[in-house]
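Encoded as structure tokens, the structure appears first; notes follow it.
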Amino acid sequence: MTLENWLPALILLSSLLPGLLIFFLAEERHKTRTILNLGGALIKVALVLVMVGGVFAGRSYESRLTLLPGMDLVLNADALSVLLVTLSAGLWLVTTVYAIGYLEDSPHRSRFFGFFSLCVTSAMGVAMAGNMLTFLMFFELLTLSTYPLVVHRGTPEARRAGRIYLAYTLIGGAALLLGVVWLRVLVGPLDFTETGLLADHAGLDPNALRFIFILLVGGMAVKAALVPLHGWLPQAMVAPAPVSALLHAVAVVKAGAFGIVRVVYDVYGVEFSAELGLLAPLAAVAAVTIVYGSVRALYQDSLKKRLAFSTVSQVSYIVLGTAILGPVASVGGMVHLVHQGLMKITLFFCAGNLAETLGIHRVQEMNGVGRRMPYTMAAFTIGALGMIGVPPLAGFVSKWYLAAGGLDAGQGWVVFVLMASSLLNAGYFLPILYRAWFLPASVPWPRERAMPGRFETHWMLLWPPVITAVLVVLAGVLAAAPFSPLEWAQLIARREYGL
Amino acid sequence: MTASALDFVLAGGLVALGAVLLFSHDLFRSLVLFVVYGLLMAVVWVRLGAPDLALAEAAVGAGVTGALMLAAWHRLPAAGRRAEGVVSGPWALLSGVALAGVAAALIGVLAGLDAQREGGLQQQVLARLPESGVESPVTAVLLNFRGYDTFLELGVLLLAALLVRLGGGADFGLGAKSSSVLRGLADWLAPLLVLTAGYLLWRGGHAPGGAFQAGALLAGAGILLALVYPPGADGRPAGGPRAFARWTQGLRLRGLLSAGFLVFLGVALALLVGGNLLQYPAGWAGALILLIEAAAALSIGAALLVLFMGVAGGREAGAP
Amino acid sequence: MTLSLLYASAGVLLFCLGLFALAVRPHLLHKILALNVAGAGAFLVYLGLAYRGGGAAADPAPQAMVLTGIVVAVSTTALALALALRLGRATGRMELPDGSADR
Amino acid sequence: MNPGDWLAHWWPGLLLGPALLGGALAFVWPRLGFALGQGVALLNALAAVLLVWRVAVGGPLAHAAGGWPAPLGIGLRLDGLAVLMVLAAALVAWAGALNARSYFRAHGQAPEGFWPLWLFLMAALNGLFISADLFNLYVMLELTGLAAVGLVVLGGGTDSLAAALRYLLVGLGGSLCYLLGVGLMYGAYGTVDLPLLASQASGPALGAALALMTAGLFFKAGIFPFHFWLPPAHGGAPAPVSAMLSALVVEAAFYLLMRLWLELAPLSLAELALPVSGVLGSAAVVWGAVNALRAERLKLMIAYSTVSQLGYLFLALPLMPLAGAAIWSGAALLVLSHALAKGALFLGAGTVLNVVGHDRIRGLNGLAQRLPLTVAVFVLAAVSLIGLPPSGGFLAKWLLLNGAIAQGQWWAVAVLLVGSVLAGAYMFRVLGRCFTYGHTGGREPGVALAAQWPAFGLAAAAVALGLAGSWVGALALAGSPFEGDALLGVAP
């Protein structure tokens, strides 16, 4: 037993154990809970950094547990998983700080943080899963641990949202399960392999493989909120802001998109997928989702719902990048995995701040809020501009690579989709920015709360979005630096294409 | 051997009797016919070469069960004495058709079986009989070769007694009036029954008879005494043999009920020290079987008595 | 027709009659009677098949099984009667209530 | 003599002795009932663990009762599947005994007769699992049935009484079918020993006997459409009793079916007859789940969930002759995880009933604040019942799916998936209520944690079973007809 065998498991345990302990903490043990939360998050970041260094140096990490003969739980760290692991670990730390501030006085914090930690554990598991079984396991665990977070408010509305969420994800999970078992029956253990594990198996019925692909991607598309399976996402907005932030940036939606990337690259192999004629329909679905989500976002007055539909649209960039054959588009898709997470979490933190500090929930109420909460709105502006794709922010990098990849693959229509989407993004974000910065304030605010401290709001609410906004800028400006998301995505693409 | 006319009459009579008693509209007639059915069955057992069973059927199948049924009849709520007709409808029709099909198929299978049947265990039982400690093959199977079954069957009986007692009401007492003539008769008859039970028990080792038949007689004696000595105000029998009054109450009764089971269990577990579960050591089988049978007969008698009282005794309808 | 087959067949008929009555007779006493009739039918099959011809003793193993079965039957009959009477006292009727619809 | 040999000799005594002795003594001296119940339940659990270890290490055990080898005597055997059933029964019984202590405290003490019946039920189940003799199994079935009926009566009230009586009558009808089948078997083949019959029996009599026994066991297992007695009986009994009945008594009947059809019946016969079981199982999965969704009371919902979950087992039967090892192990895992999860659910429901005063699902708002540990029990049990990873239920479902797909039995695949989604629906209907606000206070102060921990232990074990799946799956195959087969096949 060496560090190589233990590190992935330790990374899981660093959030699992605090989570389990927190469940049994009495409600008023505020300090212990905070120590557990932050301690776990910090340890996790440290462990992940060790692993990133190791992977970069070419070491491989793998924890393995046999459930049944020929049925192993495998956690390992390849380049792709490191991308999501790093993002999740970093954003978990930030979100934990934010959530502690956000839920200051609300009830049931032990339950909340317990499930919150489980949720992150599952996301980590999804990221590090080394085969389909492990992936499936953490994917389902993610469903289960997010449900209590979605219904955390405890209102009938929250229960309804929870019901819708479960209906979608459980049925999606069933489809995924069927696909996984079926494929398992056909080819044996489903360990993820760069360049695709099906490459080693010739002579399988292509129609069965196509159907399994639909089951697998369909099951994940529920979580990735691809049209027409996106219905649960806007409903789930009843959850507290930190939950929305986590759901949209690293956990649920991202897990779905990540799963699609895994299936296309590491199970089917991107060339084989193209050969089966599966990539074109996937790209089409992604394109439709991108446009549809943006159009719907235009019409939302509720700020969180507008952000939700924006997520529907933006996550499909990742799928689009995956579905276009060629390393350049792949780079665009994978780098967006990180960039979208940074930008969207910033936006949700800001929305949470507005709601918590001033009681603002609707776009109409945002007039002049830029002067009342300049830091928050500055961060929001960076996130929004990034989403639109303004250079040199993170979003621009993604879109640039996606467009170039599309042209590279001879699929010029991608550029039009991206342009249309950018225009629509501008259409639903710029009015917000205009209201916030240039219109006079419509005081009094709906429900203003006096916050302690020198800043416009509690420091634990303010710093997280500011930090992530800075990261959005850095990811764009320093895209060419070593260890940047872009560099890492290029490393992955080289490996997936066997270059 | 082919069946004679008498056999056809017996078998046909049984089936006809069964049909009539099951589908009669007069509940009381059904009950009476059921006792006749049991007695007829006992005759069939003799005809089939199973006198042990005939005795048991007459005593338990027709006797005790019939008594239970008739006792239950007397305690039915007034509205419950009328037998409603039969349930009709598609389900009833379906189950009727299905069961007719089952009957036809089974008889077909039996007919096919008739020609080439395996010998069964008779040869083996007879071959091992000298080692079994008893002379009657049936007793050997019951208490030695398949003693484990019999042990568990005592458990079933104990459990039933326990459950019937839970039904509430006194352990004992029917509340019927009885004349001094009857009491005198009972005072004579009860010891006689007990003696006969002892004889049957002893005889069981080499001929028809054994713990069950003996137990049934003991129960009969108990029921007789219970009938003629109704309980006093405190729920205890107001008279009758002292031993009877004492042993049909509380702890002693519970001890009596479980004695057979406990002795059997004790023997079974103790024998594990030297051999298998219930494996009698050479030469000890006869004595151990007699010990078990004696305890079992007492328990069976007590249990049957309790079962009867549970159905016949207890509180009257409407009583608190 | 052999003796064996005759009595075993009668047993099968009684068994099926008993089960049918168990299903269609609503009165609890009838149901309990039906179980006893069906049980005796089953015993008849055991003994019919155990018959060894011309006055010879029947196979002792099935005899022992039937003896066990008779004791089990009387135990369960007494329990069923006791429960049925309690139910009758509580509801005033000797039928099972239509309980299938409760939630 | 090393400890393994000691166990190999004494195991029937260990499994039957304490429970039967305790049961009889608790009957004679009711005051000792509580102490005997606790002590014997613990002892039995220890014995089960020891025997699991013994069988896993040293292989299956056999014992000839009376020292007479079959066919003259009665054979007992403890193979992998049997010892797993013994373990499940022992764990649920132990947790139930611990829980009963506080469950009945609300009513003063356990009703008279509870402890002897409880101990007899434990012994009868053990006896049933280890018996290799068809007639002995009949006696065991009756013993089990009587104890179970008695325990249902203890629920008190006319409803429980009616449910118990219905249960008794149906059970007796089923027993008679089984009994006639055994008679036919003996008449035709001259023995009632399972292994001997497996090697000798063939022909129409075998088919007829098996059909009769199977019909009887269908009634006892409460498989659709013979399930009508089950929900009122399991829903109306005291909670620890419901746990035992739903977790084990019905599954015992399925266990016998597995033995009959996979050890005794020739393959050709099994292929002909078992699709019936598949059809009934499929109907049960859906019907039970739909009724669980409609149930208004928690305990009744759990009882209907049993109807549904049993359906999976019957669904698995027709797949077994061909997919052998995977389905056998899958069924074993499913039986085990269902027993643990269902036991936990009923014990949890009992706590709810005692604390809240009712178990109407609509009235459970805010339960997560009042009884967090019990809600955790529901969550964990739900994970296993729905078949979410990493629970034992998940592994079982995985194996069943694997077998079904490998044979191209798509109808079974569809039912398995639909059943999982429906299970999710009915379990989360309850959990959604629990997480809704509706109770402003904090944790319920008066509830002894001792009442909740046993249930939590069972539920956690059901989930943790998934991590021991490899070991359990291999153990289940020890001594089975599929010993040595690969667990997970790949389609040719």
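Letters A, B, C and D mark the chains in the order given here, with residues in each chain numbered from 1 onward.
Just so it is clear, a residue touches a chain if its C-beta (ideal position, glycine included) is under 8 Å from a C-beta of that chain, and two chains touch if they have at least 3 such contacts.
Predicted model only: the values in this text are computed from it and were never measured.
**Q** If chain D were absent, into what connected groups would the remaining chains fall?
**A** A | B, C
**Q** Does C-D or B-D have more contacting C-beta pairs?
**A** By number of C-beta pairs in contact, B-D is the larger.
**Q** Could you grab the centroid distance between chain C and chain D? Build each centroid from C-alpha atoms only and quote it in angstrom.
**A** 27
**Q** Rounded to a whole Å, what is the gap between the Cα centroids of chain B and chain D?
**A** Here chain B and chain D have centroids separated by 32 Å.
**Q** Distance from the CA centroid of chain A to that of chain B, rounded to the nearest Å?
**A** So the centroids are 73 Å from each other.
**Q** Round to the nearest whole Å and give the separation of the Cα centres of chain A and chain D.
**A** Each chain's C-alpha centroid was found; their separation is 42 Å.
**Q** In chain C, what residues contact two or more other chains?
**A** 8, 12, 15, 18-19, 28, 32, 41, 43, 45, 48-50, 61-62, 65, 68, 72, 75-76, 79, 83-84, 86 - these are the residues of chain C that touch more than one other chain.
**Q** Name the residues of chain A that each touch 2 or more other chains.
**A** In chain A, no residue touches at least two other chains, as defined above.
**Q** Using the touch rule from the top of the page, what residues of chain D touch 2 or more other chains?
**A** 135, 139, 142, 146, 149, 153, 184, 186-188
**Q** Name the touching chain pairs, would you?
**A** Contact pairs between chains: A-D, B-C, B-D, C-D.
**Q** Name, in rising order, each residue of chain D that touches chain C in their complex.
**A** Interface residues on the chain D side: 135, 138-139, 142, 146, 149, 153, 158-159, 161-166, 168-169, 172-173, 176-177, 179-180, 182-184, 186-188, 228, 232, 294-297, 300.
**Q** Please give the residue numbers of chain C that touch chain B in the complex, ascending.
**A** It is residues 1-10, 12-21, 23-30, 32-34, 36-37, 40-41, 43-45, 47-68, 70-79, 81-86, 88-89, 92-95 of chain C that touch chain B.
**Q** Which residues of chain D touch chain B in their complex?
**A** Those in contact with chain B are residues 9-10, 12-13, 16-17, 20-21, 24, 27-29, 63-68, 71-74, 76, 112-113, 116-117, 120, 123-124, 127, 135-136, 139-140, 142-143, 146-147, 149-150, 153, 184, 186-191, 203-205, 208, 212.
**Q** Using the touch definition up top, name the residues of chain A that touch chain D in the complex.
**A** It is residues 23, 27, 65-71, 73, 107-108, 111, 136-138, 140-141, 143-144, 147-148, 151-152, 154-156, 158-159, 162-163, 166-167, 170-171, 173-175, 177-178, 181-182, 184-188 of chain A that touch chain D.
**Q** Which bits of chain B are touching chain D when the two form their complex?
**A** The touching residues are 105-106, 108-110, 112-113, 117-121, 124-125, 128, 144-149, 152-153, 155-156, 158-160, 162-163, 165-166, 251, 254-255, 257-258, 261-262, 265, 269, 272, 275-280.
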